[in-house]
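Here come two complexes built around chain A, the first alongside chain B, the second alongside chain C.
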Partner chain A sequence: MGIPTTPQITVTGERPSRLSRLLKPFAFMSLPTAVLAVLFLIPMGILVYFSFQYGDLTGQSGFTLSNFTDTLTDPLYREIALATFEIATIAMVAQLIVGIPLAYVLAYKAGRFELPLLLALVLADELNPMVRIYAWRMLLGREGLINDALTSLGLINAPIDALLFNKFSVIVVLSTSYLTYTVIPIYASMKAVDSGLFEAAKDMGAGWFTTFRRVLLPLIAPGIFIALLLVYVPLFTDFAAPSLVGGTSGIMLGNVVADMVLQNGNLNMGAAMSFLMLLAAALFSLLAYQLSRVKGGAK
Partner chain B sequence: MPLSRRIERALPNALGIGLTGFVLVVLFGPVLLLALFSFNDSTVISLPWEGFTTRWYSEALNDDGAMSAIGHSLVVASVVTVASLILGTLASWGLTRIPFRGRSLVAGIHGAVLVVPWLIIGIAGLIFFSQIELALSLQTITLMHIVVTFPLVVAVVSAGLIRFDPSLEEAAIDMGASQLQMMRYVVLPQIAPSLAAAAIFAFAWSFNNFEISFFTGGFEQTFPVWVYGVLRHSSNLPVVNAASTIIALAQVLLVFGLWYGMKLMTKRRGGTDRDAAEMITGAVR
Partner chain C sequence: MITLSSLTKQFGDATAVDAIDLEIADGEFFSMLGPSGCGKTTTLRMIAGFEEPTSGRIELAGEDVTWTSPRRRNVNMVFQNYALFPHMNVRENVEFGLRIKKLGKAEAKERIERMVAAVRMEGFEDRHPAQLSGGQQQRVALARALVNQPAALLLDEPLGALDLKLRKEMQLELKSIQQQTGTTFVYVTHDQEEALTMSDRVAVMNGGKVEQAADPRTLYQRPDSAFVADFIGTSNLMTIPTGQRAGEDIRIALPAASPNGEVTITVRPEKIKVVASEPADGSYARGTVLENVYLGSMTQLIVEIRSGERLIVHQLNDEDGREPLAPGAAVILAWSAEHSYVIPEKGPQ
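For the complex of A and B:
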């Protein structure tokens, strides 16, 4: 009795016609794709085009590579690029040093506090970045709360100036601003690891460091890769934090680009700098991706 | 158990608690102090404590700059949230359920938006609008916010759709449900928590966005741009303090709302905290 009903079901289930196979993707994808094309792809294309164009002060314009050569040969930019690299790298390493153990605690040790702690991380990210930067400035300043507290306790005689408007304060602000995006991908990749592996490693006589390096690290490499992509790349282009807490020594590339566009009004140079940053970001992402695959594949 | 063994056992836990505590203090301590000092009766934000006052709050509420900036941000973020949910849901369905040529390329472009730094997208937007001679305003900010925010909705909702077995949809169709009924009674209840989470993330992304608003905005400022301007000139700080505290408090309530809502939704469907945790991490995977 069951046999004759089977073909009936396949008959009622409609076979997509050729037309609907073409129309369906169009119905769902045309609008989002159009938005991306008009507001993302075209502007990015214009940005790249602009980076190869010169001056519009006299009305003349044309193809040039000078935006790139000017940017790359200027010793001041090179110095700021180096400072940016230093700040971004220290902030990234600091976040990994705190973030990997924190992800471990969250994934394996937190128990019923796992979800609340995860939400606390989300909340930390949802807090307005300007409010956060402002809060740090209030703490670290010459007349800030830390200096106030230390002087009134008699621990120091004069306020410490080294806390604000330098690389240190930029690193502190940046590390705390991006921590959520460092921890959550690593946490997510740890959740996928069978914690029985740690027991096995321990039984076979591995110490905690060997277990970490040989067992856990290869397995969470993809998570670390995502963290680098989400955090290390934007760290290079941040400009709100350095311009509000960086002073003169904590200037980063983002400030240079922003000033070039908004203060000098030189869109061509600004576009060239942005394009160079984009290239560097793409190269770095590719490299990190390859590395994470090699590590992940090694198991 | 010998003492050394006991210490060996307890040490990792103590380290874990210490680390977690340290992170919580570093993440929330400054903002909590800011909130505390918004009640200090002094024009400078420092010790000693001069006495309790709510005068900075009444000044903030009467400050045109602060109030219009908050208003602008609320309007922009609301429009961005609605538009991003529509675009994002369409795209996530298309990308996870409908096979078509060039799907991986289109998915790649959605992903690319999420990794290109906002500074660069902001500058690209500025040049683009200057070329098509569209004056910078709240509208241009909104357009650029939509294009960077809806791919985030795609990421969150797609993660929800991937975890959910498409054979249930086929079963509904086989049993005679129309496409619309299938969407309404089978798909929607399954992705409702993802949609709720995506809505809150989208709103926060737009509300907190500084870089893109800074470059593609005109005379009307959003809240982050207003705070940036005031901090650059170090004026009227106690008012920023009070306004920031109001915003921070609203955001805390929003995230707790999300937490409570997700708990309710997952509990009702027999889910656990794990499911809720996965929903949060699903977006970044």
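For the complex of A and C:
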């Protein structure tokens, strides 16, 4: 078994040359940089290139800004963008509200159930997304389990339609789909926090909320930041959930892009939209990073 | 005043603390001393409120707090690993309790400054715990607790993580801070020297019970049990059958009013003298030197007496040129009657 080694530049007993010392750090970086270039920069470049092109049925093509101006000025898109922002944000907040206590239980309270629960959480994510979404349709639908249960218990007379094919069902499906990715980084950051700190806070008179806000939250802010990066961006661009349970009111930007490319065949417009979404996501990430630094205190 | 009445804590079948009765006076430096696992931490955590007693009562200043939340008890704890908040600097750590009490800005500032000065941490207010040495972190933990002006400060082996030299320094400092503030200290340690040098009174614990609670002098001179005699300082424990009180090679004279029959006595090593001939009164024993160990200010002899027991003798090195007794030398050991301390029979308490 040969482990490939980098060729040795230095001759034994001789001080490495100034140049090779200068270049050494970059040698370590060259492989990851190359991978990033192939996987990220080249597709990005193609995306940006297409977003500034037009092509019509007569076969003419060239440079244009109209893809961007059209997208940004269309009131329908603006409305969907707002709805997307609303859905993604509510789903993210819902996941944090459920995920932080869940991570807390896993990290400090689960005892010997810690590993089994962690595994269950990871396995839940392994479920095929389509299966998961259809399962939710069976739960939330007119003849779904929830409506059946409520009707047979006599709590309602007619099935509730408001459970499926709207923003609500999209939020429910999205929240449950990404929960694993919200919980794991927060759980990991909690494992590094000594639970003796909570006792110290309590000893000085702090209640659970003060302890959470002033002790735990600042210390797990980096984990929350990772969760936001990992989850909010894919939430923002998701199109499977809205297209299967969103109906007409639960449409998100991901659907618009997919339709633009797959139905209308307008790759340029789709690229421009994607580019704008990426920009928004990048801005959001920066904001989240700043927030986590403020919360965590400049170290 | 802190009063514990038949305080008991069981973890499953195991009894960690077994019907403890203690009274700790205001302003007292009170230590709980005992080997690892004897229930010191559990007792302290029950006083703080972090552990619920299985039975018994805890009173603080005459008020029953057995079931009161730790938040509402006027005591503060110094944790063994300090438990400083890593994301806050020294000032913010010390301020924590005062902000919860919603103390006025000016008064809080003044109290923090005074406390930071008392633990000699001026100039370090903006540092984070990671930028402080172990001893400094210890001082901050102390300030963070004391700034709340608790009726009692509970300390669980607070010097356990420090090296010997720093330990000695901090012992003196803790004692002086305790005297300055007049706060009751309840101090847990397994180090008998630490307990003896710092405390007004010490409770010696063993197997979840308090063997004896007394001032250091009493513990040393009049131990209530063989365990206390053995745990505090070095002691020569001997079980004396009635016959040995007047024998050929050994004669044990007991203090007046000692019980008849078999007794257990303890003799401190520094009370035993090496003499030239059998004394007219008091105790003596003939024996052979097994070992001599030079300890600087004194020499420790281990002497096997004719009855087979080994006695430890401390000889002060206060005369120049005295030859140490070589192993194999025959000696006569002597001590007066009152230095044979008879350990009281342990009856039901």
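Just so it is clear, the second predicted complex is superposed on the first by the 255 of 299 C-alpha atoms of A that agree within 3 Å, B and C clash if a C-alpha of one lies under 4 Å from a C-alpha of the other, contacts with A are read in each partner's own complex, and residues count from 1 in each chain.
Simple rule for what comes next: a contact is a pair of C-beta atoms (placed from the backbone, for glycine too) under 8 Å apart; a residue touches a chain by one contact, two chains touch by 3 or more.
What you see is a predicted model; the values in this text were computed from it and never measured.
Superposition of the two structures on chain A leaves chain B and chain C fitting side by side, clash-free.
Legend: residue contacts after superposition of the two complexes on their common chain; A:219 is shown touching chain C, with no touch to chain B.
Of the two partner chains placed by the overlay, only chain C lies in contact with A:199; chain B stays clear of it. Chain centres taken from Cα atoms put the angle at chain A, between chain B and chain C, at 90 degrees to the nearest 10.
Using the contact criterion defined above for the overlaid structures, shared-chain residue A:136 touches chain B, although it does not reach chain C.
Contacts of A:191 after superposition: chain B is touched, whereas chain C is not reached.
Greater residue coverage of chain A by touch, when chain B is weighed against chain C, goes to B.
By the document's definition of touching, of the two partners only chain C reaches A:210; chain B does not. The gap separating chain B from chain C at its narrowest, counted between C-alpha atoms of the superposed chains, is 5 angstrom.
Residues of chain A that lie in the contact sets of both chain B and chain C are absent, per the superposition on chain A. Partner chain A is touched in their complex by these residues of chain B: 12-13, 15-16, 19-20, 22-24, 26-28, 30-31, 33-34, 37, 44-48, 87-88, 90-91, 93-95, 98, 100, 103, 106, 109-110, 112-113, 115-121, 123-128, 130-131, 143-144, 146-147, 150-151, 154, 170, 173-174, 176, 204, 207-208, 210-211, 214-215, 223-224, 227-228, 231-232, 240-241, 244, 247-248, 251-252, 254-255, 258-259, 273, 276-278, 280-281, 284-285.
Here chain C touches chain A in the complex through residues 48, 50, 69-72, 76-77, 79, 81, 83-88, 96-97, 100-101, 128, 144-145, 148, going by the rule given at the top. Looking at the complex, you find that chain A touches chain B at residues 9, 12-14, 24-25, 28-29, 31-33, 35-36, 39-44, 46-47, 50, 98, 101-102, 105, 109-110, 112, 114-124, 126-139, 143-145, 148-149, 152, 176, 179, 181, 184-185, 187-188, 191, 226, 229-230, 233-234, 236-240, 243-244, 254, 257-258, 261-262, 267, 270-271, 274, 277-278, 281, 285.
Across the complex, chain C is touched by residues 194, 196-197, 199-207, 210, 214-215, 218-219, 296-297, 299 of chain A.
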